[in-house]
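Beneath this line is the structure, given in structure tokens, with notes to follow.
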Amino acid sequence: RRPLTLFGGMNVLESRELAIEVADAWQQATTALGMPWVFKASFDKANRSSIHSFRGPGLEKGLAILDEIKSRFGVPVLSDVHEPGQARAVAEVCDVIQLPAFLGRQTDLVVAMAQTGAVLNLKKPQFIAPHEMRHIVRKCEEAGNDRLLLCERGTSFGYNNLVVDMLAFGEMKRSGYPLLFDVTHALQQPGGRSDSAGGRRRQVLELARAGVATGLAGLFVEAHPDPDSALCDGPCALPLGRLHAFLEQLKMLDAVVKNLASIDID
Amino acid sequence: RRPLTLFGGMNVLESRELAIEVADAWQQATTALGMPWVFKASFDKANRSSIHSFRGPGLEKGLAILDEIKSRFGVPVLSDVHEPGQARAVAEVCDVIQLPAFLGRQTDLVVAMAQTGAVLNLKKPQFIAPHEMRHIVRKCEEAGNDRLLLCERGTSFGYNNLVVDMLAFGEMKRSGYPLLFDVTHALQQPGGRSDSAGGRRRQVLELARAGVATGLAGLFVEAHPDPDSALCDGPCALPLGRLHAFLEQLKMLDAVVKNLASIDID
Amino acid sequence: RRPLTLFGGMNVLESRELAIEVADAWQQATTALGMPWVFKASFDKANRSSIHSFRGPGLEKGLAILDEIKSRFGVPVLSDVHEPGQARAVAEVCDVIQLPAFLGRQTDLVVAMAQTGAVLNLKKPQFIAPHEMRHIVRKCEEAGNDRLLLCERGTSFGYNNLVVDMLAFGEMKRSGYPLLFDVTHALQQPGGRSDSAGGRRRQVLELARAGVATGLAGLFVEAHPDPDSALCDGPCALPLGRLHAFLEQLKMLDAVVKNLASIDID
Amino acid sequence: RRPLTLFGGMNVLESRELAIEVADAWQQATTALGMPWVFKASFDKANRSSIHSFRGPGLEKGLAILDEIKSRFGVPVLSDVHEPGQARAVAEVCDVIQLPAFLGRQTDLVVAMAQTGAVLNLKKPQFIAPHEMRHIVRKCEEAGNDRLLLCERGTSFGYNNLVVDMLAFGEMKRSGYPLLFDVTHALQQPGGRSDSAGGRRRQVLELARAGVATGLAGLFVEAHPDPDSALCDGPCALPLGRLHAFLEQLKMLDAVVKNLASIDID
């Protein structure tokens, strides 16, 4: 029943300057609203549709930027890990390290990440049922790490579409671990553009509201000052200029929801 | 931005006595909470999985019960129509007549219902995309009826499962017509039991909350004093004893949501 | 292991002349190839997307055309039934009467059709699992009719798409009833055009081959002399000019397949 | 129009002895039937559901077994690669190296594999549309490798199920690259057992027939002398004792199909 934590930031570290701009906007909004916040950014987009797409600054430069943001803003930071060999380095800088959805079944990666002792954000792969998350959870636990977060980001629904099954939220919560909802990736239309994914950012608020109303531990959101010129997943990104208004609504909604009694229905 | 209207009642008219019991509970709860309410019950379940399943009292006796409830409780009533020839008779008693989801593509039924002039509740078939609802809407309009409600009740997702696509809500709202959410049918697991559908009534509250948080015109809910002994769709029914607590939460949530500003995201 | 029976004809009875033209082409091809054939045409398309779409000549005129074709070509005929009240009239002319997929759950229609004693072609609804066909079968049996055919025509797969699950064929065959495959409707893209369904007729041969290779009792095919000007489902129709070549291949394939031994794999 | 090539072997290299037993059975059957054959086995199952599941002998020992099989039986061999760093070592032994379906979007892996110059077998991820395979193809081409095979192995269909969309075959063939069909993995029921995937091996023959009838370059099949005691994917495996009968049918079917004329349908 703790208030909603934001895992908020940007998709990929387009540049040090942009990262600072985005982090600054997040800090202002979350400070003003008194919402707990973890900064999120990727140093590498390892699974772009096209070989020509921008991937990011890479591990070393990316971690340097994240480290700077961490100390400059005094905020915990999160980034995703793509290979077992990256886990330790990322965990040295990042407070939360994230398992990408497509890689959710790769045992070596899961174990390497778990063994760092960092908090793990486990994205639910688009191709598994919610009850199958327990397999990934058990791998982490057996590797000695129970500092776990589960994160929904949409499930394959026919071709080129994702759907968020709100009934899956309850099933994942029964694991006992905090549940996050990655609302911006859930807006993706995979393969929806000629060489990258499309998105439905106009609907970000209604989808976020729906998720928050079920009672979430955290909301995962990517923002960009100019989504149309973003180098990755712009069609899903929240415009940075709308961040404060967006968060304000969800904070209020979360407070209302977390105050509601549970009703025993059997 | 009008407050949430409840389309609430029971699945099938098991008996006159039970209908009165259920309507009485709905009236007490909605009066106490000051929520607009339309009583819903079916006189015939025309598409049960098994030929041996209970279907209801039939058109004549069913309408008599609905008529009694209407005058006894002073409440508008809703029932569903299964054949073009039933439309006029049902519309003489019922204020809202409902197009069943499986029958959403049957032109003669749609037109016959539209021509009664009654308010129509159009259930979205499980097998169509939200943007296809405009075809059904247009049939009604061209038959001279624009007193329409659209109603989501879940979409086919693989075998024996339904999913509620909250992004579809926005798409249906763009029609300009009020959007309802049939939360109890959305809990169905079609073909999930040996001779009937299963359900997930334990999750009714979280799914209702998610829907209401997106900003709905109405919520459609079926309740039963003892869901395990209900003659149809018990696995989805809200226990009548939880009705007040259930509605109280959703009323509060709806009030919060309807007060939120819209945020222009393009 | 009997050779493949063709349920072949046209989508809707656009006119008496066209029906005769199509039946003539079917008769020539099936006679030349020695393939059993039942003529199929609809007198009414009761579930068109748009109210303005062509629906057909209606019951009376349609049955007159079917009756003429039946005697002129000496061929059994099949048509679909949309309301319980039509069943007897259709069964007086047609040797096989067909349950539309969208209406597969309507008990009154199923029972009325079963009670005619005609052979029933039961289309699998797009929204049910193959094992649920047993409910429809049981309704027919309990209404005294076991002259049943099951017919696959694709299953909802996300929005605006159908998929044919070839593993469902085996499950339906275990019912003991002959299995047909409606290959042309399986090519539909529901809601794929602005006011009607799209289709993938270029792929009709490969999909038919795949189905026939599993060992089918019958193949259901709609053809048209000029699919682009067909009044319904043209995007799915086999061009009549390709009929002989199409059937010739499938006959050969069927003969090969029906000669193969079954292999016991447990 | 070349005859069907078999990519046949076993799931994981359970032991050197078993690998030789399986390869021996494959060689006998394919030699007797005169069918081209590539031996397939995995040295590591890197994405098992459970951390306790058997994974295989690992890279070094596994490649040693594959090398022995290659020289002993004079057969090209195929294995899958899970990390960029493995690509070169695997390509030194294997004639064909395989991109796992879950990893189909990992650019570094794709590029590292392409740069070996080996023939690549690209499994279609369960979560992408057939037309999206062109992105993976283009990555390979731009990394200088156009010795590509595409391989269908089923698409996510709701929870815990896969479906093979035979219409996707035609779309993938239009790439111009040979199309394989991994029939045994397509039988998987992901998450279908308490700690691993289920399967439908009883239906392997009918599904293989359907695929072959569409005209395939190759068929991918895993077999095991005793599927119930297999250490991975036993529920999908073809019993080795049925191998000859299974292949004999598909060879005959393939010969018939490859002799059929194409029919121009537009």
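By letter and in written order, the chains are A, B, C and D; residue numbering begins at 1 in each of them.
In this text, contacts are C-beta pairs under 8 Å (C-beta built on N, C-alpha and C of every residue); 3 or more make two chains touch, one makes a residue touch a chain.
Values in this document were obtained by computation on a predicted structure and should not be read as measured data.
Student: If over half the contact pairs have to be identical by residue number, which pair among B-C, A-B or B-D is the repeat of A-D?
Tutor: It is B-C that reproduces the contact pattern of A-D.
Student: Let me have the rounded angstrom distance from the C-alpha centre of subunit C over to the C-alpha centre of subunit D, please.
Tutor: 35
Student: Counting in whole Å, what is the centre-to-centre distance of subunit A and subunit C, each centre being its mean C-alpha position?
Tutor: 48
Student: Give, as an integer number of Å, the spacing between the C-alpha centres of subunit C and subunit B.
Tutor: Chain centres of subunit B and subunit C, defined by C-alpha means, are spaced 34 Å apart.
Student: Among the residues of subunit A, which are close enough to touch at least two other chains?
Tutor: Only 157, 159-160 qualify.
Student: What kind of graph do the touching chains make: line, ring, star, complete, other?
Tutor: Chain contacts: complete, every pair touches.
Student: Going by the contact rule set out above, which residues of subunit B touch subunit D in the complex?
Tutor: 157-161
Student: Which residues of subunit B touch subunit C in the complex?
Tutor: 46-52, 55, 82-84, 102-103, 105-108, 111, 125-132, 135, 138-139, 142-143, 155-156, 159-160, 190-191, 195
Student: Which residues of subunit C touch subunit D in their complex?
Tutor: 155, 157, 163-167, 169-170, 187, 200-207, 209-215, 238-239, 242, 245-246, 249, 252-253, 256-257, 260-266
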